Amino acid sequence: MIELNELTDAAQKAFPADKLSPARDASWELTAEMGWLMVRLPEDDGGLGLDREASTAIHYEMGRVLSSAPLIPAQLGLQAVVESKTLADRADWLERLSAGEYAPLHMLPAKVEVAANGTVSGTVGGVFDGDMAVAVVAMLPTGYTLIPTDAQGVELTERQIWDPSRRIFDLVLTGYAPDPALMLSDVEGAAAMHDVLGPEAHLALAADCLGGATAALAMTVEYLGMRKQFDRPIAMFQALKHRVADMKTRIVATEALLWSRARDPEAARLQIAGLKALATDVYQFVTEEMIQLHGGIGLTEEHQCHLFMKRAMLNLQLCGSLDWLNERVGQDALAEMA
Amino acid sequence: MTDNADLEALRSEVRGFLDAEKPAGWRDASRTQEDFVQTQRGWFAKLVKAGYAIPHWPAEFPGGGRSLAEQKVIYEEIAKADCPRLLLSFVSTYHAFATLHECASEEQKAKYMPRILEGETWCQGFSEPGAGSDLAALKCKAVREVRDGQEVYVVNGQKVWSTMAQFADMCLLLVRTSSEGVKQAGITYLLMDMKTPGVSVSPIHQIQGDEEFAEIFLDNVVIPVEQRVGEEGKGWAVAQATLASERGLTLMELGYRMRGALSRVAALIREHGREQDRGVLRDFGALVSEVDAVCAIADQFLDNRIKGIERIGDASIVKNSYSRALRAYAKLGVRLGGMDEQYVKPITFGDLNTGNWMADFMNSYAWTIAGGSEEVQRNIIAERMLEMPREPKHWTL
Amino acid sequence: MIELNELTDAAQKAFPADKLSPARDASWELTAEMGWLMVRLPEDDGGLGLDREASTAIHYEMGRVLSSAPLIPAQLGLQAVVESKTLADRADWLERLSAGEYAPLHMLPAKVEVAANGTVSGTVGGVFDGDMAVAVVAMLPTGYTLIPTDAQGVELTERQIWDPSRRIFDLVLTGYAPDPALMLSDVEGAAAMHDVLGPEAHLALAADCLGGATAALAMTVEYLGMRKQFDRPIAMFQALKHRVADMKTRIVATEALLWSRARDPEAARLQIAGLKALATDVYQFVTEEMIQLHGGIGLTEEHQCHLFMKRAMLNLQLCGSLDWLNERVGQDALAEMA
Amino acid sequence: MTDNADLEALRSEVRGFLDAEKPAGWRDASRTQEDFVQTQRGWFAKLVKAGYAIPHWPAEFPGGGRSLAEQKVIYEEIAKADCPRLLLSFVSTYHAFATLHECASEEQKAKYMPRILEGETWCQGFSEPGAGSDLAALKCKAVREVRDGQEVYVVNGQKVWSTMAQFADMCLLLVRTSSEGVKQAGITYLLMDMKTPGVSVSPIHQIQGDEEFAEIFLDNVVIPVEQRVGEEGKGWAVAQATLASERGLTLMELGYRMRGALSRVAALIREHGREQDRGVLRDFGALVSEVDAVCAIADQFLDNRIKGIERIGDASIVKNSYSRALRAYAKLGVRLGGMDEQYVKPITFGDLNTGNWMADFMNSYAWTIAGGSEEVQRNIIAERMLEMPREPKHWTL
């Protein structure tokens, strides 16, 4: 518990609330310095061996400042390597990654085909900050694998996205021949690995959403208290107060679920998927209200409202959309309650 | 605080009790108000005997002296086992108890506490027709007189929304003894025997067919001064003790019950062949997660109370989260049930997630209106948690 | 236009707003006296020959007072007879029905089976006020037909419903042998007749909803102005004012669509189905807000709020539920926009 | 009023014109602000020539003297033919025209009306950073002086949310000439040449990439007294004429455009293989009916204006209905488009239902915020239509 507070305090000091989306490269360095790349690395592998609650706390803080450093994909990539039972140079990779080299898990589906000769062509989507990646952890039809970004038949193409706090690349494969030494799992192992990585990704994204939503709410409350119309602070208008109260209520309840899931090692995969769905829904709701309650200023790039909204909209699509996740949660609950 | 091993031991003890003593078919035995009262009294007596009815009372009472963490375990298990809620004895074991325990004289305590354990039913005479969420605006008038050499209050007025007053033996009564100064200042707190001449009770016919509440009419009701709790004119402070006596446990319990009752929605989806309807699956999935969040926030609220770090407004957030989810739950049921739900089915008295969807739907409004409406909770959250300005006290148009 | 105002004025005089759900039998007689049973009967058949706008105006007013007289099913039953090309005693029936005899169209599906010998068994749902019906216009698998309520194998069973402003019966058929002389259409003709009756039913129900919603709004505004809390009329609380404004906005916009459809003889079947869906949705929304804004009193039977809510909930289910109608409107629009 | 046959004749005449002259590929020719301005100017000139640009002007102007019913026909047909909206000339042909026509001197009319027809662009200098929906709280200060023997106003301050001010030749400017009395009293109305020294314009970067609005900075700008409309200190009344000049036609036009653009949602449903998703079909169906209702209410509003039976608040209802539907439309698109919509696509300047769903979604907020926010409209509906009490003028906490 104390450890968690320390993590949070340190994060808030390193990334102060008044500086949204600080420069990526410096943030990434700071992230490495803080030891956050090693938080979830087991102690046996030279890491800190902290649990989900710790990483959730960090992702929450990074969400709060709309961090541009790709800590979530980095953590997931590292975890894939940790989990791997087939990677040849596992120890070497772990050392490199915890020292700051970057091998992200991609956060959007891979649309690839495997030719008869085993080469792979197509696009692996959602590679955050591909420009600084030495390799990408990709889920291919043949299993999870590390794909070095400088390998033959591999190209990274940046895709312009609405969210200015992050950068996304496609990993474009053209007859890429996967290196057997870099396989992280075979086909059978892929499902098990997916069951590990999926909930981690969802938990991290939910934390990002709720950190962001909390910051968005605070900014909105502050603005309403400051801005005057019709000779009074607009915070005095009850209709606006009630809307802010609903923002607060939804954030706080969803946050309670976040911590409850983060602390529960038994939480089922779809329980965490449902949390991610709910958290993204709340984040969108909060940022929509934020824009409306800010009035005209919220529609200008000069103000920071839109950064929250655009991040919320992107989070809705990462690792499964709201529709997709809710449908699966519903299906699963239905089956369970048969 | 109690350590985890102790809590788990208690948990399995409670489970053992519930396995053996869970009242079978209590819903069918609650289809009329009278049956409901019967069922409730029997269940309360069983819990008193087992030592689970008043875990929050002091240790001198059998079954008392439990930590909040222990209370939570007991409530959780009762909810998960889908046993009846202790509705009829709620006012006596929580509201009356807290009032007596914190504010009453030793004589009053000695007289009433044991009677509560024996099953005496209490009701609360706080709300009035004109006051609503503005409780302190109450008008029920008490005049101090001497009658037959005894100092008494003579009370006239009307109370409303009194839970189960029609079955109550005693009433926690707020009256106005003065209209000077701020409205909170002239309020006095009395303990009234419901059999006193001049007291009449009339149940409120609720729109879903339940009669959970009643009106109390007071016509020259004579109450001895000894029945006063606290000083004259200081009743408002006593009322705060009454009102603060419980919230967290109930909402946690209700959250778990709603979580369990999600299986009713699942059954409905199957019954109406909507298993392949992706829209319905999504709506159900979203509801499942929302209900999970309600359980989590209610849990967290209790944990914070246990740790002593509760803040103003926390309870409002729990209440509004719960009532929002309850509404969504009931509305989904009404929608999926279609025309079937427009035909009247027997209700279960005093129950919330009954699967009689129209009744549940209408009943869900009790949660956004009673006990401080959703709107009042929003005010509290905005003004007292987020420190936004309060509504102006004085104004001109 | 003037004619319409006259109709409306007469209706408001005959059914004053302060008397909700007046007694059924007297209302039915009054309805007949007002000539409303003959409104849509063509002039050639001895009726008034008025158009949809006129009947919509009347149904709107009847919705406003939560009328318990079954004018909608009566009008639809009459129209089925008008449309019939096969009914033997058509003229005779028209005379009887316009004189006040009651042969309603059922408003919920028929779940019946036809035996090899042509007899029919099962339940025809949603017969309003079956106790006063001489016959029911039923859509059977063999076509539309008039089923006399005193025929062999025919029984009416009242079903208790939540809505206290109306009464619904099941028409239970047990080996009922349809009378060929009472057939209103054959199987082929049934679809065409359905295309006529469906939009009429939807338009009438939409009018009922919007009349009711308008009355519910007026009652709510009045209550808020009267009721005091915290030393002021609660109508002063801006959060409540904004909710009332949204009620008004949704009602008025949907009402504009109601009149636009009522006046447009070319309006497509699914356009009117969409109107019915929207109007029921608005009615539910308005009555939910009505209850909440009335606070405790709205939860008691002594107050009239619940009458509106229960009627709104039943209207949602008549002649196609919200889900069912929206799905079809969506499907149709999708096909049309191919 | 015009009779139906005449209206139908006009309708087919307009259709004939649009068939022949509809600017092909105008969306692709509006991908940059400059191209957009070019496209708009060309289309306006064409409409002026055809006599459809200023149907609401008096008959002495070519193409003027049309009834509101005729104007409606022209707008309807332009919308249904999916031709560009006349955005760039909107302020000049509506706001500037109404102001000149109703309140200006003969000299002013004679000078400016022809220039508008020739394509002169006007902007509106009303809103200020501190004022928002509380327009009369404006602070931009004008001091009357004599300079070089001429009576002038020297203006200092800032305006914001001025549509297309970066391309404007002239500005309808509200300034404060006095701070005595109520805030409405000290406002004066000026016509300002945008090329006057001290005027600088800076476009506002909107969150969806458009630059429809600009800020205007006024640094010792000298405006001759002859450029004043109405008396000094009476500018608030003149501003009402400006603001009342249009609302109905635009929303009717936009309603029809949204109705037409529903096919974009249909295309999206097919593109993403959601044709069998019953939830999506329901959401789409509900949206179709909601948009139909928007068209109907906008239509009805105009009909009521034609009949002279418009009431206070009607316009607010139309605006909130439209903006609610527009939001739902854009959100459904963003949702169905999924990740595809998170990648930036080229926007179409000055367009609303572009199928660039994230841009459309963000742009939809302009309709709930600008021109009197959704909240201000709600106040108008509640207070002025439903006669609920206004917000208190004076208050203490």
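The chains carry the letters A, B, C and D, assigned in the order they are written, with residues numbered from 1 in each.
Please note the rule applied: a residue touches a chain if its C-beta (ideal position, glycine included) is under 8 Å from a C-beta of that chain, and two chains touch if they have at least 3 such contacts.
The model shown is predicted, which means the values in this text are computed figures rather than measured ones.
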item	value
Chain pair with more C-beta contacts, A-D versus A-B	A-B
Chain whose average C-alpha position is farthest from subunit C's own	A
Distance between chain centroids, defined by C-alpha means - subunit B, subunit C (Å)	41
Centre distance in Å when subunit A and subunit C are each reduced to the mean of their C-alpha atoms	52
Junction residues of subunit C - those touching two or more other chains	237-239, 241-242, 323
Residue numbers of subunit D (touch at least two other chains)	278, 280, 282-283, 375, 378, 389, 391-392, 395
Of subunit A, residues touching subunit C in the complex	237-239, 241-242
Subunit A to subunit B touching residues, read off their complex	221, 224-225, 233, 235-236, 238, 241-242, 244-246, 248-250, 252-254, 256-257, 259-260, 271, 274-275, 277-278, 281, 323, 325-334, 337-338
Complex contacts: residues of subunit C adjacent to subunit B	108, 125, 159-163, 227-232, 237, 239-240, 291-292, 295-296, 298-302, 305-306, 309-310, 313-314, 317, 321-323
Residues of subunit B touching subunit A in the complex	262-263, 266-267, 269-270, 275, 278, 280-286, 288-290, 292-294, 296-297, 299-300, 316-317, 320-321, 324, 375, 377-379, 381-383, 385-389, 391-392
In the complex, subunit B residues that touch subunit C	127, 130-134, 137, 160-161, 204-207, 334-335, 338-339, 342-344, 358, 362, 365-366, 368-370, 373-375, 378, 391, 395
